[in-house]
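Consider the two complexes below, in which subunit A is the common component and subunit B and subunit C are the respective partners.
Right after this comes the complex of A and B.
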């Protein structure tokens, strides 16, 4: 599975919605229920599933799903 | 000008048709700003026609006065049309926070015996999972499908296209049931707080006297319509005065919020302490160039407003923030800071004229100045709830004689200012939302690995109180990151995202008294590193 496909599975689980199809342009405004608290659930799950850890700066600069994928892939490439 | 004309107390009528009759038909009732910044203006005439159309939709479906409709929507214009349309028909309208999970929805829709629900496609699946247990729920109206899916799953737009916008609300007496909000207690299921149409008298009065709104204002209330502030002051109070509102469909975004205040020339702003504390944490560059000249007043509600935020607002925004206090049960502002009153930072302010407030001991005796006790209100305010739906005993238990016990503790100083001290029960106030520890504990016990659980609220600098879960696992399970995620997501999806524990603490056992009641005060003392006090009743 690609990173995007793996992330899509996480989105479906976190937001309890089997119909979610993520795109790089997608933001919190596009997903019902994506609030600050469910965002913590999303990040916690992403970190656990990919065995990575985001810095505060990375979290603050992630504006959409594409940014999240970019940070996941750069961490996986760096072996973190 | 009299609010009630010809004995017509109908909230839906007063907020729409009456405004048109008073010459405001072409005036903007609300500017809808979507999460993507698209803007659409709706006039009072639009609001009247769309809500009337929806009243006709409900009537054609066989809804009768007194039956119950819920909205389960994120912030969308349909929320307002449905809410006011239902009230026009004297159908009781309940509103549900759009992040509620299955359990929270089942408790509320089931208890109310709701006949209909308005929702969106993305939220429909939650309802489908529990519909089998909701024997009264006949119709689900979906706002973003074009065609009916079945005889019971209906398209909002198709229904609205078939209905006329000509509807005259029946003469509605002040005691007619109107709005239903569910509120959490420390034990048992959430309780349905039922209001009646006369509440508009107090919501109108406080919008005028406290929020200082008049015809020329542009008002922005950031509260979600799933909670009482969102209906009392995001709909009823301002529109009963013919005030233009900004309705924003997105979530918190500091830059965007300041842009909205500036670009929409908001004159009165009503928000929550958590949001204000979040803004306070932003870099000053964010709001330095922001022109807030139009902004006359800022108000807050939901949790105590700490003095630091007031100081920040004075220094940075050049404004006071007036903290207001009320509850779902009171339906409108009761104790408040306001422009005509000197603000004592950290205080709740003073009661409104004509509303009797007292600090009473547990035995009902009045307490003097500077003594902490139960915050109580004398019966008589028009916006007070009329009952807890299907739970008259719980309603009665809140009153002793003429006094309503709010469940909050407070003290009054010698000058008559009130100071919030805390809750007299275990209810958790997270960012202005009341969370029942019982509901979270119930959700936790649904997880196979969890043997026992105890949930408390602990102080938090940003959100006032955070949810802390103590969990005892069954012996065969071990704690892991995966289990933490499972627990977080389960609570989020069964109860709501706001109920998700911020911290999970694994323990060997949950302290209970001899009758099996969870001793949350012992857990709280343990968490805060304090003395747990008398443990003689511990099992």
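Right after this comes the complex of A and C.
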């Protein structure tokens, strides 16, 4: 599975919605229930699933799903 | 210079005429000179000096931050720039509060003869607003969201642009600086909309807010003379006074800026129709709440993310305590901020259960639930306003403890008249509020610019006439000016 596909599974679980299909341009405004509370659940779930830890700067500059995927992939590449 | 003063009504068109006739290359100089003149007209000589100090410090740190190579030196420079700005704000606004509280604490313990100096209270109009903008500018450069502005003139104008200098909106450099650099061309729609918005704000301030102020001030300046419904109506009157006052000011600021083809951030979106306190903060003083969310709440929430909802709750309480302190150096503001933080923290912890409860009761998305949520949110916000408005903590506690009390008179109208508002004021207020509601509910459905010319000019004429005929006696200062 690609990073995007794995992330899509996490989105479905966190937002309790099996119909979510994420895209790189997707932002919090596009997903019902993506507020600051569910965002924390999303980030901690991503960190646990991929065994990574985002820096404060990365978390504060992620503006959409594309940014999140970019940071996940760069962390995974740095770990390998 | 206040927006609702004759001076400003002469100043604004004069600046516009000069701006219109000078060459494109020096237009920024006209706006900067006008902004400094506008600030100097407050007759407080040290304020333009403080503004220049903030501008110079932030401009220099911005450039150093961008040029720094290592992460460590970037971090040091960020903290240097932010600390310099916070120190300026503390010196201007909080030293008397800090020293008097230190005195109280040292007197309690009386373990040593420590007695900090008593500092004079300084007038700090506008300082909180441009210091917050300066801090956001530095953080955005640190996060590499923005590049620093190299032209000092445009940077100084970003901080000091007169329509938003005294009371905001708090603008991001990325939103305002590009607009300040745009080539100016006369735009009839902007001119018309700007003037209409300015007049609409004037109407909200002088006809409604100042009139509601008669009642709120009468009650709050002598709370012990009232009980029950009088206190409740006094509190509701204040809730609407501060909304009309601040949103009126914002409309006048946005209207003034629009004459120069500049769009400032809209600060309000029907806040008293919010269905939760979190929703209220998405609708009230939006530019400020975004600042608090982006630069205080989010970094804390991310840092404490392993504690899940409890970390979020703690971040909310701290963010809102700082929000309270930003409004002023008094315990009333701290409690006001703390209450909002507490509301939101409880909501963060309660939210998952609330969702399940609504599902079980099958009331999700029903109009009854929405009305109930609006009613509860408005009353929670009004309860917090008690601490914001009361002249002392004792007064605030008296109001809270006596809000629900058997009324002396059963006739609400008698109570209102007994507290200073007369039938004439009540009539003007009622008609004006109906007008506000009409505009609110029609604005989404009817496009004003598409209405026939006779209707539009009729509205301009009647609105101006209404303002001239029914403005409340005695021009009152804007409530948010002191923050």
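Here, the second predicted complex is superposed on the first by the 79 of 80 C-alpha atoms of A that agree within 3 Å, B and C clash if a C-alpha of one lies under 4 Å from a C-alpha of the other, contacts with A are read in each partner's own complex, and residues count from 1 in each chain.
Following the convention adopted for this analysis, contacts are C-beta pairs under 8 Å (C-beta built on N, C-alpha and C of every residue); 3 or more make two chains touch, one makes a residue touch a chain.
Treat the numbers as computed from the prediction; the structure is a model and nothing was measured.
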{"item": "Touching partner for A:60 - first (subunit B), second (subunit C), both, neither", "value": "second"}
{"item": "Contacts of A:44 with subunit B and subunit C, given as first, second, both or neither", "value": "both"}
{"item": "First, second, both or neither for A:17, with subunit B first and subunit C second", "value": "first"}
{"item": "Greater subunit A contact set [subunit C / subunit B]", "value": "B"}
{"item": "Which superposed partner A:74 touches (first subunit B, second subunit C, both, neither)", "value": "neither"}
{"item": "Contacts of A:29 with subunit B and subunit C, given as first, second, both or neither", "value": "first"}
{"item": "Footprint overlap on subunit A, where subunit B in one structure and subunit C in the other make contact", "value": "35-37, 40-41, 44"}
{"item": "Footprint of subunit B on subunit A - complex, ascending", "value": "13-14, 16-19, 28-29, 31-33, 35-38, 40-41, 44-45, 48"}
{"item": "Contacting residues of subunit A [partner subunit C, same complex]", "value": "35-37, 40-41, 43-44, 56-57, 59-61"}
{"item": "Contact set on subunit B toward subunit A in their complex", "value": "35-36, 74, 98-99, 101, 120, 122-123, 125-126, 250-252, 481-482, 484-485, 488-489, 492-493, 497-498, 500"}
{"item": "Subunit A contact footprint on subunit C (complex, rising order)", "value": "143-145, 278, 293, 297-299, 301-303, 305-306, 308-309, 311-312, 348, 351"}
